[in-house]
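Here subunit A shows up in two complexes: once beside subunit B, once beside subunit C.
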Partner chain A sequence: MRTGVRSYWWFLAPALVVVAGVIVIPWAFTLWMSVHEWKPGGAIAYVGPSNYARLVSDPRFSEALVRTLYYSALAVFLPLVLGTLAALAFHEQFPMRGFLRGVFVMPMMATPVAIAVVWTMIFQPQLGVANYLLSLIGIPPQLWVFAPNTVIPSLVLVETWQWTPLVMLIVLGGLAAIPTEPYEGAQIDGASAFQRFVHITFPLIRPFLMVAVLLRLIDALKSFDIIFAMTQGGPGNASETINLYLYQTAFAYYDVGYGSAIASVFFVIIVALSLAALWLRSRAAWMAEPVGDAS
Partner chain B sequence: MKRGLLRSIGLVFSILMLISPALLFFIWMLSLSLKYEIDNSASPPILIPTNVAWSNYVDVFNSNRFLLYFRNSLVVTGAATLIALLVGVPAGWAIARLDAKKTAIVIMIARMTPGLSFLIPMFLLFQWLGLLGTLVPQIVIHLVLTIPLVVWIMISYFETTPRELEEAAVVDGATRWQTFRMVALPIAKPGIVVAAILSVIFSWNNFVFGIVLSGRETRTLPVAVYNMLSYDQIAWGPLAAAAIVVTLPVLLLTVIAQRQIVAGLTAGAVKGG
Partner chain C sequence: MVSRNGFTRRDMAGLAAGLIGAPSLAFAAPDYKKFAGTKLEANLIKGPRGELLQKYEKEFTALTGIEIGSEVIPEQQQRQKMAIEFASGKPNFDVAHLSYHVQKRLMEKGKWLAPVSGYMKNPALAEPENNEGDYSAAGLTYAKDGQQMLSLPWSVDYFMVYWNKDLFQKKGIAYPTNFDEMMKAAEALTDPANGVYGFVGRGLRNANLPLYMSFLLGYGGDALDAKGNLTTDSPEAIEAAKYYQRILTKCAPPGVAGFNWMECQSVFLQGKAAMWLDGVGWAPAGEDPTRSRVVGKIGYSPVPKGPVAAASATFGDGIGIAAASPNKEAAFLYCQWAVNKTMGGRLLQIGGGVPFRKSVLEDPQVQAGVKMPKEWLDCVVACSKISKLGLPVVAPVAEFRDIIGAALTATLSGADPATELKKATDQYRPILERSEKG
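Our next item is the complex of A and B:
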């Protein structure tokens, strides 16, 4: 009378069919397309690895790659530091904690395009409120997203504002899992708050920090909405990351074969960097004797 | 006693510092949306206008066929979430009960994949099928976003619900389907709510799929707002009002259901896109 384990597969089957249809088959097609040449009106022609060869010698791609890494490094590091500090504060007990945490989380849930619209107005050099606020503390007006040398830091500012809450939530989950005994011992030994953080809290939440780094890294590398809505990769190409270059190639120039090659290489880059982060995480876990797993 | 007081003051100060970037931003957004152009270009900037420009909101609903785009957003988000729940909840249950941990890696890979790489083949496919003028392409591609999200959250939810009840049902002769329908599903309601809320939010917010797959008649709200940004850059009031209308449902949901959202985000530590 026992119902076999195999019957579980019927529950999995619909999802597998849909996932195959919307994820696996499109991916296979993208890979296939990346070794072909096709432009609207023409026929599809097999060109071998030439799209990939073109990538290597394409200065616009290598510049976009460097820009993506620069952007991502900042957009991982800043939310990580600020999110950890925020988690330490939200870990305390205080009135209206749930509501205030809800307010803090709002930037990551709000519609990115709506946010981009308002940040564009804030950064507007003549009428924007950002330059007015700077003038109050005696800093000369900036061009923000409208100048090549400040565009990436300005976009990172928006991304940090938007995604610090995610890091906060992950680290908060980590803090909740820490036992209280080590702190009681440290209290007796007279350890300062800073010492307690460095020697007890930090090692215990390190696995959670690594989860935060991994997720932040994936999202920062793929960042699109904010950059596209605010600058379209400009001024010039100053904020054109790989994802934006991919969009331009495939959907503005309709160079589908080359766009597919960019998409494939971009995916490999994301996986490689994520694996590097996971490797760091396993090392950290080995050093820290993890208490839990957030993933 | 003095130390405790200092500590409380420090905490209040830090919490204020932490929430002020979010709070001030949304207050400023509201302020921009309620001012006439003359107030929006005033120097120094005006926070609370003497003449409140409700007309900005009236403009939003009158022009730009906003109601059509609102309806499009509702249809795409609703359909993508519903389909994701229909196939994702049973799948999450099966994966949790089979201990198929490797599937989690597949979902992680789906998360790592840039959305644009699905868009190239989908765009060509739907162009070939002649469906680009309908909402079907957007519903289908939003599944890329909503299904992994729902499956991921349901796995972690079903891992916390007891197996014993289900095993008892099987002993009593229930089929696998009856066990799922009568035992597992009713207990899973809170998890399904969390999955549905997050699926709705991330689908509603999505921009990149719409910018490629939508035409004049099939735009979703984020795409409509983006088009306003590129064409009437000067009219700040109506633009900010449109931005508020788009994001208000999501913000309200965040504040009302913040407990569920926090639970969902930390259980799965997931985000769409």
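Our next item is the complex of A and C:
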């Protein structure tokens, strides 16, 4: 028996080596760097927790953290709502449903930087098509990503455009898994469509929604490419999230130690939020209990 | 005009002429073939300069027998990659394309570049015209660390004004000669109802520093004083910030706070802005009918005189040899080729940059081949006469651009320039002090 268990390790070994090489060792190195000061061209010096102490008094870090949470909250919520609505629509039978589903998921396949370039042109206040379309319905021109107060909602709009299809696919999977009996019972009892959604559909797709929340949350928290390509954190620092700040710190200011401290703290925040989302998902699970037990 | 195929003949003729005109130095033609068979790696910035070298590198190989492997990377990423590779101690390249205005102090502190002064005095390597006297003062300031040349100055970027002659003529306004007139002209030409604005310039954090510095130099200020103290909250700095705030909030298109050069260029080339203050290299796009609606209507002029000085904020590129390279002499031949008359002439003629070398810039034959309007070339020459470094020569330049730049962007939303600059200066000062100590 013991020999059998040991032999399994050989099968695990390649995966463990890869995980150690691409995750564990870089993280250990990041933690090590976070207690050192190093700038290219200079020596590496141990500075203890002073990089972490700097974070406390760095307003740019705290502002970036708030912005990250704001951006992430919007970038999770909007695709979740729109993706669920889209899934409900695509769950119904109608002509060309398969083709339209295919069209709907296309934004997911586009390269983020290409998306960013196209959307930057769309948002251009004087020459972009967004303001032209608004003018057709009598809405005055907006500044989109070119003004501090609208930049984050505008970036979230792009994120929503790209990732709503992912939520739609997840929820669509959930809808396909729902048995028909509860609906038949509800129809016999005279429940309206809204009541059927609130009391049957929503509770039963909740575990799938939680998966979508988890995936979107992780993705939104680590969002970098679109923001960097569209605004580089501007105007001013208005769209500078933690990812952009740590990138600037490590690779533009070459303050690798401080950048590592930012990365470490942010890693802890991401893990904490992901664990919270996993906990919520476990509470939302319904698979273990018999479905349709009305007693 | 420089012939595409006449490189070797032209250079040899140039060398012969140089020999005749060089009475004291016993320079012969360099031994170009001495390093034949050597393989060099060049790390270049994507853009007209890097791409020009890559395009013609086979000519260098034909001349020297040295094989070139070149990598062309977008500017920001190239700077980061280069610094990281240099810091590793074993860069994968022999030749580095440098952004002086950002990297000069970093390169000096890291001792990453091999001095080229010795090679420039070596008749077996140096062409007769390649001497310090042939480079402009700004180029030498950038390239030298003390008495040593650490690189060869390659291309200079002057900040200048592109202006729409049609819009000026329609309002009967002459091109301004000073800052006051520029503001008045910009205000008079601003017509939001018709989507026309008197001025456009960079508002985006970091990118906006060259524009602001163009104003600051005109007010007689600078980022540092003679002793190296930060002066970004001086009275001159505040006046320049007020000017920046006023011209961009009253005369520029809405959303300018998020504009980098691309957005400014789009607006100007669509004929929607009367003046655009930016780098010297955008003339080709402006004169390209597939990209511009203002072809033939663009005026090119130096920045008008400020209350104290006439100045053109100056930035520049150089090309240097990695100190860790085992092929330094071969790399010197490549660097020398990159900045020679043939390549410099090509660069100027396509409007991709302006050589630091006087012998190239002032050469009538090179000038005759310039495809841009003569007014552009005249403007370049005029800018060279009022050239001043556009960014402080310090290691933490990126932080300077970000912190001061964010303060300037904040003024576009109505923040008080004096308060913002004071706050930004207080934030940047310890970074600068820490850097200078390190």
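Criterion: the second predicted complex is superposed on the first by the 271 of 295 C-alpha atoms of A that agree within 3 Å, B and C clash if a C-alpha of one lies under 4 Å from a C-alpha of the other, contacts with A are read in each partner's own complex, and residues count from 1 in each chain.
Rule of thumb we're sticking to: a contact is a pair of C-beta atoms (placed from the backbone, for glycine too) under 8 Å apart; a residue touches a chain by one contact, two chains touch by 3 or more.
Keep in mind the model is a prediction, meaning the values are calculated, not measured.
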TODO: Kindly classify A:Ile270 by the partners it touches after superposition: subunit B alone (first), subunit C alone (second), both, or neither?
DONE: first
Open item on the list: Which partner chains sit in contact with A:Val18 here, subunit B, subunit C, both or neither? Use first/second/both/neither.
Closed with: first
Open item on the list: If we overlay the two complexes on their shared chain A, which of subunit B and subunit C does A:Ala147 touch? Say first, second, both or neither.
Closed with: second
- [ ] Scan A:Phe251 for contacts with subunit B and subunit C and give back first, second, both or neither.
- [x] both
Open item on the list: One more residue to check, A:Leu127. First (subunit B), second (subunit C), both or neither?
Closed with: both
TODO: Pick one for A:Val211: touches subunit B only (first), subunit C only (second), both, or neither.
DONE: first
Open item on the list: Which chain, subunit B or subunit C, ends up touching more residues of subunit A in the combined arrangement?
Closed with: B
Open item on the list: Quick check on the superposed pair: does A:Thr231 touch subunit B, subunit C, both, or neither? Answer first, second, both or neither.
Closed with: second
- [ ] Could you look at A:Ile200 and tell me whether it touches subunit B, subunit C, both or neither (first, second, both, neither)?
- [x] neither
Open item on the list: Taking the superposition on A as described, I'd like to know which of subunit B and subunit C A:Gly42 touches: first, second, both or neither.
Closed with: second
- [ ] Please write out, lowest number first, the residues of subunit A touched by both subunit B and subunit C across the two complexes.
- [x] 127, 251
- [ ] Give every residue of subunit A touching subunit B within the complex, in rising order.
- [x] 1-3, 5, 7-12, 14-16, 18-19, 22-23, 25-27, 29-30, 33, 85-86, 89-90, 92, 94, 98-118, 120-122, 127, 129, 132, 161, 166, 169-170, 172-173, 211, 215, 218-219, 222, 224-225, 228-229, 243, 246-247, 250-251, 256, 259-260, 263-264, 266-267, 270-271, 274, 294-295
- [ ] Write out the stretch or stretches of subunit A touching subunit C in their complex.
- [x] 39-42, 124-127, 141, 143-148, 151, 231-237, 248, 251-254
Task: Interface residues, subunit B side, partner subunit A - complex - done: 11-12, 14-15, 18-19, 21-23, 25-26, 28-29, 32, 40-41, 43-45, 83, 86-88, 90-91, 93-95, 97-98, 104, 106, 109-125, 140-141, 143-144, 147, 151, 170, 173, 175-177, 179-180, 201, 204-205, 207-208, 211-212, 221-223, 225-226, 228-229, 236, 239-240, 242-244, 246-247, 250-251, 253-255, 258-259, 261-262, 265-266, 269, 271, 273
Open item on the list: Residue numbers of subunit C touching subunit A in their complex, please.
Closed with: 76, 80, 83-84, 86-87, 106, 109-112, 195, 203-206, 253-260, 263, 266-267, 270, 272, 396, 398-399, 402, 406, 409-410, 412-413, 438
